[in-house]
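Each of the next two complexes has subunit A plus one other chain: subunit B in the first, subunit C in the second.
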Partner chain A sequence: MREMSKIIRNVTNLVYGFIIIFGFYIIVHGHLTPGGGFQGGAVVASAFAAMLISYGQLNTKKFLNINIFSLLESCGLTMFIGVAFLGLGTTFFYNFLANSGSWFGNIVIPGINAGDMNTAGVLPLMNIAVGLEVFSGLGIIVLLMADGAEYTKKKEKAENDR
Partner chain B sequence: MNLFNHTPILILAVPLLTAFLIPIIGKINKKTTGILATLALGLSLIMTIVLAAKVLSVGPQVYVFGEKSSLLTLPSGLKFPIRIMFQIDAMGIFMGLITALVSFLGAVYSLAFLDNKDKIDSYYSLLLLLTVSMFGMEFTGDLFNFFVFLEIASMASVSLICYRGADLGEPVEAGFKYMVVSSISALMVLFAVGIFYGEYDVLNIAAIASVVKYSQLDKIALGILVSVLAMKAGAVPMHMWTPDAYSEAPAPITMILVAASQASLYAIFRIVFSMYNITLNTLAVGWIIIILGLLSMFIGVTMAIIQKDIKRLMAYHAISQTGYMLLGVGVGLAVLANPEALKDYGITAMEGGIFHIMNHAMYKGLLFLTAGALFFRTGTRDLNKMGGLAHYMKYTTIFFIIGAAAIAGLPPFNGFASKLLIYESVYKFNPLLSIIAMVVSILTLASFVKVFHSAFLGPKLPQFKEVKEVPRSMVFAMAVLSCIIIFFGLFPDLIVKNLVHPAVMSLIEQLQYTGTVLGGM
Partner chain C sequence: MNSFVELIHITILIITIFAGLLAVIFKKLLPAVIAASAVSLLLSLEFYLLHAPDVAIAEAAIGAGLTMAIFIFAIRGTK
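Now for the complex of A and B:
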């Protein structure tokens, strides 16, 4: 995959940060607005895909590291199951933070309201864990697919030369 | 906090947590990941045995996620359950015991089998995920949750089938085939779940069972579920993925895949018996399952005889043995609406079929492990290239003889016990079926005599001068399975009375299953 024209690279530079911030916005507001961990994570990963397309595979590897992604992925998964384990005092997956007054523990006002971020107990935590897992997992998939495309191209070229 | 109350979920949660921790630990030290996975699976084996003792002495157990109490199935005075729950009766825990044992031994065997590979952390991570999903399929009381676990099982097994590497080609082809098959079956299961949800507005199996009417839509859903789950179990008209997947996967994974296809088989039985029970036309559906079984038995074994690849041959035998289970349980289903025939021979036929599930997991696992041991030392699966290996691998030879005798149904081993139950009871239903089953058994013996002769007997071959016995952890896994086979063969009465009979009764008595969730409805 070669790098594309200067216009595309500059536009990517401009929107890259905004896409990532929008993705994280969807992740942390998962319990209030449409979307959630998976959707937000996919949005964040689309920023990586844009970078890969505009800058080419070799340049992207300087910024995005598969090893770090795979570490983040495992951290997200462990966080998800860890939060589920914390509820084990009552039952597995028990929402022990809801309405407790501490983190994410405000009581939800029934009816139309402004939308309090500080509600819903463990749901935001789980959304964050899923978001972490999804954006790093999709990031790995995108990078590996670029690697695979490069590998096939090299192989085809070698066969044509023969 | 009393952890003892949480055993149903801890059986899954401990391997799941380990599966997610292993990639992190693998960054530091790859060698410890195998030991960690083995420990997690050992812990879950112990917890499964504890839970089995509880289920068999006290009765079916439920575990509701995220509720104030794990036993509260109907919160806030509702008439139907809204939360995801595990519902473990004698049949579920029977399958759970198989899964726990097989996956633990698979992990132990892998310790030596995969010593020098660099992707070992992802291998163990996926192995744990596969185990968790099998437990989930067997324990869950929720139809949509079953679909989720089915998908996890498919994804984990596809990656494990391809584990030997993308450069070899054949494992990837087998993995791709399995991916297509399992994606189709998972989507069709989702479609059937959608039908139930649209019709009855519930997803809980017990809640559906209490309202199911066997309308036209229910018939469609039943047809879809039985056919795609039979496809995942490897019954004959849909068996094309089995030989490829079983022969290309690493040997311990093949053993676990056998148990995974049995989890799909369990799902067929659960849906037919616990969900529909006598609302459906038992004779017609019973005969469909019997015919699936007959085809699997006969075509599986005739295809097996001509194979030259040792693992492919065993894979076709796995199809053939699946037929016995379908035959036994199918006869039980065909006479379900007829209490006299059910008491006379139906329950015995089902006991034979269900007992055969466990026996098959044990001896087929052992046989695949011996095939893996041969591959480990000789580097080939081709029977024509092997020979005289009994001179070098004494333990493996003995284990192979035990496994082969058990699958052929020779008297002191466990295959005989379950096959005899099937022969006797099926003969009363229809003598022809029993005769076909016996012929298949003889053909099985013939093909394993061939394998034994061409792999183990004969003079010492010069190219195998370096071959020696396999490492200790592999011998340990095979020895445990052999001991279980001999124990089951010597005391079948003990197992049938304490494990298999409660499992069969929990399938037949629908009210026992629905009652644990919905109260005494």
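Now for the complex of A and C:
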């Protein structure tokens, strides 16, 4: 697939890093602000889609590899079910880290405040796992769609030449 | 209750319907896809005004970003 015009390429160069950072911000702050794993992962995947549109599928083969995305997706799912099984001493999905004083274990201050990142126990880990799974899964979907368009074009060209 | 907020609601919905009409009217494929993506973006603004920011983020990322990307891939495949 050929690349698009110079304006689109320059705007993508300026913007895609900020989009990825914003997506990870939404993922990590999932227990305090609107958004969470799914929404942040979708934002990161839209940055990958912008790169893929503006540069074409052949030029981004070095950065967007389908095997790495598949590995990250499996890592996210394994992390999610692993954290869920870690609370099995009480129940499945038990929030064993909340108010414990260790990782994400601070006690929540009641009333109006700015919000403490280091609270909510197991929920930030779940958000990170879901975000990893969603951005790699949607990245695989976009990459496969680009591959399919390229394949269809090649096939039609071969049929026309024959 | 607040007439200013109601005015913003009505304006956004009218622009949304207009963009949807443009997506049908346009003869070229790429402007039609961009108009459909504008419908999704204005819908996410409406979700935000109705106090549903979670749905607004998901709609803006998937409806306006990824769906438009897949439509553009399909259009490129036909050329």
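Here is the rule we use: the second predicted complex is superposed on the first by the 162 of 162 C-alpha atoms of A that agree within 3 Å, B and C clash if a C-alpha of one lies under 4 Å from a C-alpha of the other, contacts with A are read in each partner's own complex, and residues count from 1 in each chain.
Rule of thumb we're sticking to: a residue touches a chain if its C-beta (ideal position, glycine included) is under 8 Å from a C-beta of that chain, and two chains touch if they have at least 3 such contacts.
Every value quoted in this text rests on a predicted model; they were computed, and no experiment measured them.
When both complexes are overlaid on chain A, the residue A:A49 reaches subunit C alone and has no touch with subunit B.
Look at A:N95: by the touch rule set out above, it reaches subunit B but stays clear of subunit C. Contacts of A:G87 after superposition on the shared chain: subunit B is touched, whereas subunit C is not. Residue contacts after overlaying the shared chain place A:T78 against subunit B, while subunit C stays out of touching range. The residues of subunit A lying in touch with subunit B in their complex are 67, 70-71, 73-75, 77-78, 81-82, 84-85, 87-95. Across the complex, subunit C meets subunit A through its residues 53-54, 57-58, 61-62, 65-66, 69-70, 72-74, 76-77, 79. Considering their complex, residues 1, 3, 6, 9, 13, 16-17, 20-21, 23-24, 27, 63-70 of subunit B touch subunit A. Within the complex formed with subunit C, the subunit A residues making contact are 1, 26, 34-36, 38-39, 42-43, 45-46, 49-50, 52-53, 138, 141-142, 145-146, 148-150, 152-153.
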